[in-house]
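Structure below; questions to follow.
Order of writing sets the labels: A, B and C. Residues in every chain begin at 1.
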């Protein structure tokens, strides 16, 4: 694969890219965790500026990118609510915004409501664009940190059994993750979703084409003892009608009882923020090794550092 | 006293802590005022990141913390309106937000509407949390800069007579200041407040227990010639009913006449922003030495620098 | 001319200032375009902090200033929506805000709705204030980048024929540009505006006083083949009634046909964001040398870097 200029869609990642990115991610993580500042990468992006353009707010993702840039010695300009405060309100097109901002920064991190926003941005930008979430469609850096986490926590991805639970219709993280798992061997996927929020046919078709074993189940109790990863997502009420929300909320929950059905070396993941679909006490969250979602979020920082280095060095 | 890991409540400060912090604050201030960049501390927090999480907006306090961090060589990620833009809007708990953000930053500065927000944050954070104002209850760094200012302007705190004027019911600055003055000798406090905004009993009880002399008066003219510090506060209309506001606004004001009742070496303080409770011309504000509130605000920067150093070095 | 302490109004710039600023701008631009980091100026404002106080939002202008500061080695604290989030909402005067913020930063960049905001700020600030747009009146750094662009694209300003097209009543960029062109020789200006948005008499009077040749025309087709610069502006619907907007929108547009009426070495400029007054395809925008407005926006970065250096070194 040629070096990627932009990070737009999960589909663009091949096996080799993932392997090399994850190797670098682990190196960065180990150095940071050691706490021995200055790190080998502390000045690696000196003089480079990241522009964070968040048309949809996401403090967590934005902080993660900005912190990644700062730790590499770079700098940041940003807007946390471009939808409200940018020249979009004066009727400017995204293309034009990008054609201006690409002169103020060396990399643009874009979050936008529109499905094809990042692709448009990449077409007009003279600097790398990273898609930090576009509509329902893509959130490739989330997929990278998800995959990295599975790989790190389980020592590999090939052959793993992965349950995806919750809002599979609107959750871009599970859609992207299912998509990219086709690049690994002998993976098995089990979908568990409320009737009105099932995984869409496009993904199922893609899995069939790549001969990935998958099934749809309705009983958590039956599935949990079987799998290596339970990846549960929030019902995204902001992306559906009140009626659909009412029908689906609270249908699948993981509490202490459910957690204890899982194998000792299985892992519970979640893209966060979580609300009522996980009801574990903070104590269990802190002590049960199977609860992996805070480590998963932490990995976002390391993966994004590796990615910024990859794009800008 | 053990070294504080977090800065949450004014109550946690003892005499020794204050003395050592104020000494360092003065050193930093002197160097900065000299203007001889680079300063001895210009690289002291290189590679460290401060996250400013402002659920209630406060440009002044936020700038003060962020500027302090930058002057020590650190970096900043922040949100000026977490209430609107963070995952709190998706239903995430503060605990979870903190458990994520503590991996993106080395210190968290939190402002929140809820009285116990900073305590909750400190419980879950792996990095120091600084309370930059929580509900009506606490604003410990304001207390530090207030005390530092009294000490610097008057050459000491013991034995001083301090009038607190205005909204004593809702003003967390005066409540905290009254509280901590019990750690000093022979201080006398005079409360002057509209009938409906009087200092609450918990503080009065605390003062009695510590044998601090205090009284409640209603006449500014009588009190002003007597005291060393007049600490006046804004009627916080955002924290009361329109009716209460109407009854109390404009009741106590300091204009040129009142200022001139004060002793030549007394000082007028205010946590700012001030509105109609102070009606002095900009000229008098700039030339009358007794007007201390802009110097007081300036001290916020120096105290916060000393505090960040204390927590992170 | 004495060295300017603040950048408030276009009127304050004289010929010598412009010449020296543009010379430095070109040096900075050449170095940056070379891409050979570190640049001679990469550490030139180390330890200095810029405060961006945007009471009116403008991501583009804010990013441009912040990026300029960061590229000079400085740091930034900022608010993108001071109107919503600052102590202005508690009733604080701009004067007081400035008297606080000037201790947190070494330069203040202010954008405000009020025509005289920057002048007030400069009066009370102990650090340089840069007007990044105040009301309808002033936007001096836009004028600087406009002039710089004309000078660079045409190799000079003296003797040029400049058409100003669009909303000449509300457009502060065209008003300021017309004003400052009186400092150059043999310039000719042609105004083209909808009936209800014509250039105001104060500017026309000023041009007459300085014996600058100008005229008002209504036919684009007639004017375009004649001029060296077509400077077109957006109808600022946020500054007029719906009725006025309806009457004037779409009256003057530049599409491919109009562009081709222009001389081969003429230039089309726009302060951006543009909406329907320009209807050129992205391809033409990228390939036709006459389309200068993205280069013009890029120049904003370089001019602001030169300006920050000028004020802070």
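FYI, contacts are C-beta pairs under 8 Å (C-beta built on N, C-alpha and C of every residue); 3 or more make two chains touch, one makes a residue touch a chain.
Given the structure is predicted, the values throughout are model-derived calculations rather than measurements.
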item: Pairwise touch network: line, ring, star, complete, or other; value: complete
item: Same vs different contact residues, chain A with chain C, by half of numbers used; value: different
item: Chain A onto chain B, rotation angle from CA fit, given as a multiple of 5 degrees; value: 120
item: Inter-chain centre distance, chain A versus chain C - centres from mean C-alpha coordinates, in Å; value: 40
item: Chain B: positions in contact with at least two other chains; value: 80-81
item: Chain B-facing residues of chain C, complex; value: 46-47, 49, 51, 53, 75, 77, 79-82, 84-87, 89-92, 95-97, 99-101, 103-105, 124
item: Residues of chain A defined as touching chain B within the complex; value: 37-39, 42, 57-60, 62-64, 66-67, 70-71, 76, 80-81, 234, 238, 272-275, 282, 294, 297-298, 301
